[in-house]
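Chain lettering (A, B and C) follows the sequence in which the chains are written, and residue indices restart at 1 in each chain.
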Amino acid sequence: MNDLEKLKNHFQDFKNLEFINSESIQSRIDAFQRFCQKGIPSLKQEYWKYSPLSKDLVQFQNLKFSLNQDKSFNDKYIEKFDHYKILLKDGVLISEDIKEEGLEITKYKQNYFYEIKKNQILDFNNAFFTPGFEIKVDSNSSIKKPIVIYNYFSKDFDGNNINNKNFIFLAKNSKAQIYEKNIFEDEKVLFFTKNLDIELEQDSNLVKYYFNSTNKNKTIYNFIRTKLKQNSELEKFNFSHNVSSCRDEIIADLNGTNAFVSLNNIQHLSQKCYHEIKWEINHNEENTRSSQFVKSALHDQSVAAFQGKIFVDSKAQKTDGYQLSRALLLSDQSKFLAKPELEIYADDVKCSHGSSSGSIDQESIFYLRSRGINEQQAKRMMIEGFLAEVINKIKNEDVKNIFYKKLNEINNI
Amino acid sequence: MIDIKNLKVSVEDKEIIKGLNLKINKGEVHAIMGPNGSGKSTLSYALSGKEGYEAEGQIIYKGENILDFNTEERAQKGIFLAFQYPIEIPGVFTNNFLRTSLNALRKAKGEKELNAVEFLNLVKEKSQKLKIDKEMLSRPLNVGFSGGEKKRNEILQMSLLEPNFIIMDETDSGLDIDALKVVSNGVNGMRSPDRSFLIITHYQRLLNYIKPDFVHVFSDGKIVESGDWKLALELENDGYAKFVN
Amino acid sequence: MSTSDEIIQQYQQKSEYDHGFVTDIDTIEVPKGLSEETIKFISKQKKEPQWMLDWRLNAFNRLQKMEEPDWQKPKYPKINYQDLYYYSAPKSFKDGPKSLDEIDPEIKKTYDKLGIPLEEQKRLSGVAVDAVFDSVSVATTFKDKLKDIGVIFCSISEATREHPELVKKYLGSVIPVTDHFFATLNSAVFTDGSFVYIPPGVRCPMELSTYFRINAQNTGQFERTLIIADKDSYVSYLEGCTAPMRDENQLHAANVELIALDGAEIKYSTVQNWYPGDKEGKGGIYNFVTKRGDCRGKNSKISWTQVETGSAITWKYPSCILRGDNSQGEFYSVAITNNFQKADTGTKMIHLGKNTKSKIISKGISAGQADNTYRGLVSVHPKATGSKNFTQCDSLLVGNKCGAHTVPYIENKNSYSEVEHEATTSKISDDQLFYCRQRGLNQEEAVSLIVNGFCKEVLQQLPMEFAVEAQKLVGISLEGSVG
């Protein structure tokens, strides 16, 4: 990817592909131009400081885009509880449209895309995307069953780049729960970008869970932009386990009074895994609240980065912004990098952040061992307890169980 | 001492006190009792000139209408409010605060300001009298104080500043019996012919320790009944329902 | 009853800068502009040895290839470096001061007005002062007394002549010549500043202090300070600064290098009160300073304390390189910005040695339309086993036209090390103000009391002589702006 000329040729071929509709084509061309102007992300750019992407992307000599026509999906991946399914196989939406109970799920239909000034990978995504899903919830509807999104990356895929765009819209006074998970079938090299826009109208409520687990040689970029109106709420829980290289980015705009956003993430990493979180919360109106909570357990040579920013506009009096990141460094070679940032222009606000990193508390280990628990087990208990604090906040019992089960499983290896 | 005439107080354009008349003579102790939300705290703030409490009518204190005086001017003239929830100010040591306050009052009265030694002697004397642990003085103002400690600190300030008119806003709330005794002994020790008290309270309990000359029932921004301290007992037995429509 | 807005306005109208007078004396100035000629002129004025001139010219050559950084939050109009004077000295100091008697009475008066009498006998508290007026050091007091115990305290110009072996060895060893644009600029054109050397085992018996004063117009001040604490020695050093009120912005780009060898401790305190500009944001000093300490030896300690109330723009990060095992770094800061002032300040703590400790306490107060940013880096390297950092950043906002920002970078690469960071933002609550006023304090007194309480942890780090002054300064700086 360090050779822009190659990429330009690639884009020429790409934009002639059949599935690209004529309405989106100009937007794609504009986006690609912006990408070329900004170039490949580098560590010197503040926006990509601490990012695994800036190191990964230069290694991509050739990007190969491909469409997998096969629509089969192995049932063993399907969750056991009752739910609505959205299936994406190698970036292509293969599940049927759903229309019931105030819920509508279709293919992604938007044709015009915004720009984030310093974010060229979003431009890249805008240029090269394959349409993903669109979820729309009608006003006053409370969706009973959770919606489960399966991002399935099959072993039959013969390209090395997939880009998706998705959209979630909750109308007034509606409610939904979404659980999203990634399934990787092999260890092929892949660069995957995903853009998800979430719009929450007045009094709506969305809870979203994201499970991103074990993968090798995958470079993943998740970019979420969400806008919240008056009294709306978004709660998000991410479980990032042994993702080889991933950046999760969220920009949340609290545009109505009493809007609330809560972002939670577990980073459980080993070997050379590198996971980066970049969150930016913009308090644009009075009485808005936000909470950011990150816990990282880092084994081997893994690296976790956390960049969380709370911005408070001068209008946004009575803002309550909270942020906490804690990391356990479990090996000599693991690293924790953090940039917890506050940018505040209103005086009547309550904002705080805390960040800590260090090893497991030896006193506690000693205490447990004095009660007859061996060291290994004591450590496991400590790590599990440390991470469980995030999971405990989950309200959906099915998802909570999945997360707990997974935590238990990985901790006992 | 103080004569309140047709006092109306609004907060954010909402009228809370709706024409209050109350005259307190020198040396008298008055208690105002009322249900929650009747505007009792609003009264204490309005009397001490808190910003945001728009008052009309008259508050004649020592012969002059103090309605246009700001908070510190009233304090310098001898009005003291014992707070229901004393405010925490990190980094400001209690000692330092007390001295700054005392000297501000002395300066306003044209008296000599006290130096550190004179002040410490005075505080020592006062706190011994009130049985207050001096250790409290070297901590930041009210920060990390228990409820009881905060209230004791208020009483210490009161005895140090020697005000003429004292408003006690729910001083008994959250106090155990020992703290209540310290507080009421402090107050009783300060009763004198030159000093008046206005005790604002929800319960009659405090009035067992500080016996008022007059008791008023306060409801919906007005005094609806007045009597002597027996009225407090009546309220304790029968509740407020009788006086509140 | 006045509303808080009205009170804020009243305060704003009161803003006065006490040190804004100009001293009327004849000065020698080098012609405007940055060039080899200018540098040669400065070096000649200072009677510097050839190696020093070569060192400067090397920096100047490197500067040609460098660009001004622009990542900081406060932006400023482009500085025309060819339109500045790089050297200004009172004429009477052509050959440098020999004794206090030779000092121009006008300058003596200036320092008296500032409350820094240069007459040694007038000093009650035993503080030795090096006074820097524009580009030259005008007086160093108590020099002989210090000499008796082996302490060298003189101007850096004198040190290049008298103690070349020390200057050669240590100058630029903490801040490399090519560190960044302003540091390199300083290396090329630095004019004067203090030099301190504390011999092994000596505990310097008095506070050493430099007082900086910018007087001349259109003049950049580029002082350079070098402090070396040899094994097991101790020194406490204070620095104060003022400048006259002028409409144009003036540049101050100093370099300060501290070196602490095994077991040595350096305590460096600054009370910075450069002219901040007027209420509309016109004029004021650009205070772009590089300060860095190197805990080179085992068990050494460097502690920075700063009270930053002046300057139109303050842009500095006094830092510690914790190289020696068990070394310690501290940074205590109060930064107050009012009207249109801007501050972007903080520290870097670089943990390289084992069991190194650092502590950062930063208090930012922002009023009027000012912006106040804490920016800092705590980096624990893989070999710095057993290291610890604690950081606390608190911001206080007064009024809703100002900004308070916290931008910490935290890099922990050692699992046996602990890094902790906490930050809060708050305002002076109406309840706190009401409570103080109900006890008879007026609004100004109440604000000063509360803000001083907010800054307590930092102010109590200052040596006694400065602490009282700093407390008053905190009150005064905010009178000018708010509450």
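Simple rule for what comes next: a residue touches a chain if its C-beta (ideal position, glycine included) is under 8 Å from a C-beta of that chain, and two chains touch if they have at least 3 such contacts.
The shown structure was predicted, so the numbers you read here are calculated from the model rather than taken from an experiment.
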item: Identity of the chain that, by mean CA position, is farthest from chain C; value: B
item: Per-chain Cα centre nearest the global Cα centre, belonging to chain; value: C
item: Most extensive contact between chains (C-beta pair count); value: A-C
item: Centre-of-Cα separation between chain B and chain A, whole angstrom; value: 56
item: Chain B-chain C separation of Cα centroids, rounded to whole Å; value: 48
item: Rounded Å distance between chain A and chain C, as computed from the means of their C-alpha atoms; value: 44
item: Partner chain A, residues of chain C touching it in the complex; value: 71, 382, 395, 397-427
item: Interfacial residue positions of chain A with respect to chain C in the complex; value: 46, 314, 317, 327, 329-359
item: Parts of chain C lying in touch with chain B, wherever the complex brings them together; value: 1-4, 429-432, 434-443, 445-446, 449-450, 452-457
item: Contact footprint of chain C on chain B as seen in their complex; value: 48-52, 68, 70-72, 74-76, 80-81, 83, 86-87, 89-92, 96-97, 100-101, 104-105, 108, 140-141, 157, 161
